[in-house]
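Consider the two complexes below, in which chain A is the common component and chain B and chain C are the respective partners.
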Partner chain A sequence: MATYAEMQQIFDDIRGDFRYDHELNGCLNCGICTATCPSAQFYDYSPREIVQLLWTENVEQIYDAMQEKIWACAQCMTCAARCPFKNSPGGLVAIMREVAIKHEMQSAKDVLRPFGRVMLKLITTGNQLSPDMIQPDHFPDWGPNIQKVEGDLRILRKAIPVKTLQTVETAWEVSLKTSVEMYTIWEMTGVLKSLELMDENLFDVIEDFIDEKREDYEEWLEEQEEDDD
Partner chain B sequence: MSQDTVLVVGAGPSGLTAAANVAAAGYKAVMVEKEDVLGGAPIISGYAKLVPSGEWAKDAIGRMVTRVEDDANVTIHKEARVAKLEGEAGNFTATLSNGDTVNAGAVVLATGFTHFDSINKPEWGFGTFEDVLTTTQMEQMVTAGKIACPSDGRVPERVCILLCVGSRDRQIGREWCSKICCTVSANLAMEIKELSPETDVFIYYMDIRTYGLYEDKFYWKSQEEFKTKFVKARIAEVTASGDGRLLVKGEDTLVKRPIVIPFDIVVHAIGMDPNADNPEISQVFGVGLEKHGFIERAEHYTNTCGTTRKGIYSCGAAYGPETIDDSIAQGAAAAGRAIGDLHALVQKAS
Partner chain C sequence: MSDQTPGNHNQSAAGAGAGTMKPGFHNTDGQGVAGHGSFFQATDLSREDAIKATDWVRKHVDRRTIDLGDRMDDIREHMYELEKDGQIIIHRIGDQHEPATVKTLFGWEKKIPTKQLWHHKSCGQCGNIPGYPTSLLWFMNKFGFVPGKDYLDETDQTSCTAWNYHGSGIGNVESLAAVFLRNFHQSYVSGKQHGHELGHFFPLVHCGTSFGNYKEIRKYLVESAELREKVTKILGKLGRLVDGKLVIPEEIIHYSEWVHVMRDRIASELQTIDVSNIRTTAHVACHYYKMVHEDAIYDPDVLGGNRTAIITSTAKALGAQVIDYSTWYDCCGFGFRHIISEREFTRSFTMDRKIRVVREEANADVLLANDTGCVTTMDKNQWIGKAHEQNFQVPIMAEVQFAALACGADPFKIVQLQWHASPCEDLVEKMGISWDEAKKNFQAYLKEVEAGNIEYLYNPELAYGGKA
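Showing the complex of A and B:
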C-alpha cells in the first residue's frame, strides 16, 4: 500500500500531463460515457467514475482505480465521441496507465505480463498477432468458435488471395527498413523505456534483437552502395 | 415622414407584443412575417397548453393575434421578408420581398429561434424509428387529444422524454441551455398522463432546471400527482427490440450501472437553435450575432433591447433561448425603447 504522499505524487503526475486539461473540462455527471462503454457492460469499470475521481481529486480512490479498473478500458473512445462536455475518459485512462507504468506499479506489471508475448512478436516481426499464435489454449474467451481456425494453417493461409498475407509466423511481411524506423519511433516516444520499467528481462531480449536488426540494416545499406559503384 | 412608425419583424409572442405596444402609444407599427399565419412558433408548431398559464396556445396567442389585427395602427405583411434596409436611426427604408416599401424610424427584430433538428443526433433514433418523436410532435398529439404510437396506433405503456436534445452539447456545437425544456417536459408528462392514465412517463435528465416558481408547479407536481419518474442519466443510444419496442440505453448514475430499458415512445425535448435565417438577418439589418449565432445584445443596463446598430432593437428568443412570458415582456420593452428614442429625436428636431 502506498503512502498518501506517494498517491498524491501519482495524481500530480496524471494532472501534470500535457493532455490532461484537454481531456477533462469538468463533468455534468450525465453518465452517457458509462452508458455507451462496452467494458462497463462486463467489468467493474465506469468511465464516469474515473472522470469524477479525477475531477474531485480523490487521490486515494484514484490510486485504487489504478489497481484494476483502468485496465478494463478497451480504449475504443466511444465515451469521448459521446460526452456532451467533450471530455475524453478513455484519454484520461491512457494517461493513468502511463503514470502507473512510470511508477512501476505492481498492477501494471501484472496486467501487462501476458502481453509480453505480443510485445516480443511486435518488435521481432512488426506484427501484433500472427496466425500461428491462434491456438485454442491461448484464446479461451473465443469459445467453441476457436475450432474453426484449427487445421493446417499453411494451407488455410494459402487460400487468401493476397501474396503478403500468405504467411504463418507473421500476419503480413514487414520490410527491414520499416522495422528499423519503428524501433526509432518506439525509442523516441518512450515505449522502450516503459517496457524496461515493466519487464527488464523482456527489455534485454528485445534490445539485443533491435541491435542485431539495426546492424543487418546497416549492412544492407552498405551492400546497396557497393552495388551502385 | 417615418418617425412615427416602427417596423416589427416577426409575429411571434414578442413581435405581437411589440406591435401592440407601439400602436397603443399612438405610433404606427408595420409587421412583416415570413409565414402565412401570425403567432410564431406556438401557433406554427401547434403547441398544446402553455407554461405556466395552462391556457391552450391557440387561445392565448390567438388573443394576441386578434389584438394586432383589430388595431388600425398596425399594418401586417404576411409571407414577406425584409430584403433590404437603408437609412439610419429615425429614417429607415425597408424594401420587402413582395415589392412593398416601408418607411420607419426604428426596427424591432422579433425574429425568434428555430427548433433543433433531431436528425443531428442520429444515435437517438429520430428519423430512424417511427415512435421517436420531438416535443413539438408530442404537443401536437396532445392537442389532437389521443396518445398513441405512430407505428401501429397502440396505446403506449411507457413513454420517456430525453432532455437536452440539441442543448448543452459541445459535440454538436450547442453549448447553451435551452431554458424551457425541463418545465415544458414536466408539463408534457402531466398532459400525457391526463390523456392516457395507463401510460407511465419517465424523464431522463442531466440536471433539472425548473427554475423559479416552476419548481413546485411543474417538477414536484408532475411527480406527486402524475407519478412521472425522473432518472438522472443521459441516454447513449436508442435502438429497436425484436418485438417492435424501442430500447433506451443509459447509465442510471445514482444506481451507477448501465441500463437498457424498453419504451413504446421516445420523445426528444428539442432545444432552441438560433433562427436559421440569422446569417441573412445579420446582413440585411447590419446587426451582429453573438458567439452562438443569436442576435448580439447591446450593453444591457442602459441600452436595453439594443443591438449593435443604433435604431434597431430586439427581443425574445432572437437573443437566445427564452420563455413565452419573458418574450412578451421583452417585446413590450423593445417597443418602449423604440418609441422612446423616436420621441427624443422629434423633440431634438423641434
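Showing the complex of A and C:
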C-alpha cells in the first residue's frame, strides 16, 4: 500500500500529462459513457467513475482504481464519442496506465505478463502480430476450423500474391534499416525504460535482439560501402 | 431497411420491441410537445405551422449546419498556419492524386486521394486477414493503376504501434508521434527512388486503429510546440526531416474511404455478380468514427446521414440488401490486450452483442467490417459460442473483400478467405460461386507455389525500391 504522499505523486503525474486538459472538461454524472461501455457490462468498471474520481481529485480512490479497474477498459473510445462534455474516459485511462507503469505498480506487472508475446514482437519487429502467433495451439478456443485450408504455413503465406506479406514471423517484411530506426525511437522516448520497469527478463531478451540487429545493420552498411568502392 | 435509421426511436432500449416506444423518448400520445411539470401545454399549432416549426428545429439541430463555435476546432486550419510560419511541411493532396471530395460529420470537406497511394499496411490484417490488402491492391490493378507509379507497397514501414499502446500502456505520445512522423516521412520521400517527385505517393492507412491513432497524434502535434520540439530531435537523428522540418500529411486517409469514393466505379465498371439476394449488415470500427469523430465520412444519402457512410455505402452501391440490427453502435469486444489475455470478455461480448444479434435480428448472410481487430474478434470467436449454447454463426469479412467477390475475384487467391474461421463458404455459395471448385483450384495452385511458380499483383522488386 502506498503512502498518501506517493498516491498524491501518482495523481500529480496523471494530471501533469499534457493530454489531461484535453480529456477532462467536467462531468455531469450523466453516465452516457458507462451506458455505452462494453467493459462496464462485464467488469467492475465504469468510465463515469474514473472521470468522477479524477474530477474530484480523490487521490486514494484513484490509486485504488489503478490496481485493476483501469485495465478493464477496452480502449474502443465509445465513451469519448458520446460524452456531452467532450471528455475522453478512455484517454484518461491510457494516461493512468502509463503512470501505473512509471510507478512500477505490481498490478500493472501482473496484468501485462501474459501480453509479453505481443510486446516482444512489437518492440523487436515493428509488427504487433504475426502469422506464426495465430495458430491453433495458441488459441484452442478458436476451434479446430481456425483456417479453411490445411498446409505448411510458409507455403500458404507464399500463396498471398503480395511480396511483402509472404512472411511467417512478421505480418509483413520490415527492412532492417526501418527496424533500426524504430529502436532509436524506443530508446529516445523511454519506451525501453518502461519495459524494463515492467519485465526485466523480457527487457533483457529484447536488448540482446536489438544489439544483434544493429550489428547486422552495421555489417550491411559496410558491405554496401565495399560494393560502392 | 430504409435509409432512416432507428436512432430516434430507441429500438435498442430494454423492453422496446417493434412498434412500441419507451416513455420519455418519444411523445406519441398526441397530447402536445414534450415538456415537464404543470407548465406543459399543447401548442395548438395548425398542421402547416407544425411542419414549419419542425423543419426549423430539424434545420437547426442538423449537425451539418450547426454552428460549433469554439467547441470544435478544425485542426487542419492550424496546420496551414504552422506551415505558413515555416514550422512544418504539409504533405499536400494535389490534382495528381485525383482526389474526390466528401463531407465529414460536421459538414467539413475532406479530400480523398484516389491515385498515387502509399500503402500503409496493418499488422493485424497482413498477419491474420491478408484478404484485406490483397483485395484492395487487386482493385487498383483492375482500375489499371500502374504499380510503382499509381501505388507503392514497400518494406520501409513499421506498424503504428498503437495496438500495443492501447493494450499495455507501454509507449507514450512521443513514441507514437515519432513512429507516425517516421512512417509518413517515408511516404513523402518514397517516390524518389522510383523517379518521382517528393510527395508523389500519399499515405493510405489500412488499419482503423492506425487511422484513429494517427489523427489523434496529428492533433497533439499541431497543438503542442513542446511535443514538436521533442520529436524533431528524434526525427533529426533518424534523418527524417525535410529542410529541418517535420512532414505532416494534409489528411489521414483510411482504405475504406478510398473504397467509399470508388464504390460507384467498382459497381459500374467491375461488378460481375448480382448480390441483390445478399443480406448484409455492417460493423464500422470504433477507431474509424469514434476517435477524432469529426473526421469520419457522413453522407446524407447513406443512412440518412445519421451514421457514418463507410461500408454501408459500398454494400448499397453493389446492390446488396442493407439490414439493420440494434447493437450496430457497439464495439466488437477486441480490447487490444483483451483478445490475447482476457479472452472470456472478448468472446462473450462479441457473441452476445454482435454475432447473436446479427444472426437473430437481421438473419444476415454476412457482417461486413472495415478494421483489423473487429474482423479477427468476430470471425474467430464464433466456434466457442457452442460451449455456452450460443451456436450462432455469421460470415465475417471486410467490405473490400465482399466487393472483390462481387467483382469476380478468386475467393482464395485474392480474397484469401482460407484464413477466416467463420462460414464464409455459405456466403460464397449464395453468391453463385462454387466454393469446392475454387478450393480445389487453390490446392492445385499451392503445388505450383511449392514449385516456385508464384503469381504476384505487382513486381516483387518494387517492395525493395526496384523498378516495376
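Convention: the second predicted complex is superposed on the first by the 206 of 229 C-alpha atoms of A that agree within 3 Å, B and C clash if a C-alpha of one lies under 4 Å from a C-alpha of the other, contacts with A are read in each partner's own complex, and residues count from 1 in each chain.
Rule of thumb we're sticking to: a residue touches a chain if its C-beta (ideal position, glycine included) is under 8 Å from a C-beta of that chain, and two chains touch if they have at least 3 such contacts.
Being a predicted model, the structure only gives us computed values, none of them experimental.
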Using the overlay on chain A, decide if chain B and chain C clash or can fit next to each other.
clash
Please determine whether it is chain B or chain C that touches the greater number of chain A residues.
C
One more residue to check, A:K86. First (chain B), second (chain C), both or neither?
both
After superposition on the shared chain, which partner residues are touched by A:N29: those of chain B (first), chain C (second), both, or neither?
first
Once the shared chain is lined up, is A:E49 touching chain B (first), chain C (second), both, or neither of them?
first
Is A:S39 in contact with chain B, with chain C, with both, or with neither (first, second, both, neither)?
second
Clashing segment of chain B (vs chain C; choices 38-46, 74-82, 92-100 or 308-316) is 38-46
With the touch criterion stated at the top, can you tell me which chain A residues are shared between the chain B interface and the chain C interface?
36, 41, 81, 86
Taking the complex as given, what residues does chain A use to touch chain B?
28-37, 40-41, 46, 48-49, 81-86
Chain C contact footprint on chain A (complex, rising order):
18-19, 36, 38-39, 41-43, 71, 74-78, 80-81, 86, 94, 97-98, 100-101, 108, 111-112, 114-115, 117-119, 122, 126-131, 133-134, 139, 141-149, 151, 155-156, 158-165, 170-175, 177-179, 181-182, 184-186, 188-191, 194-195, 198
Give the list of chain C residues in touch with chain A in this complex.
71, 121-128, 130, 133-134, 137, 153-159, 161, 163-175, 178-179, 182, 186, 212, 220, 224, 226-227, 233-234, 237-238, 240, 286-287, 289-291, 293, 329-331, 333-338, 340-341, 343, 345, 347-349, 353, 380-384, 412-414, 416-421, 424-425, 439, 442-443, 445-446, 449-450, 454-458, 460, 462-464
In their shared complex, at which residues does chain B touch chain A?
123, 164, 168-171, 206-207, 232-237, 249-253, 256, 258-259
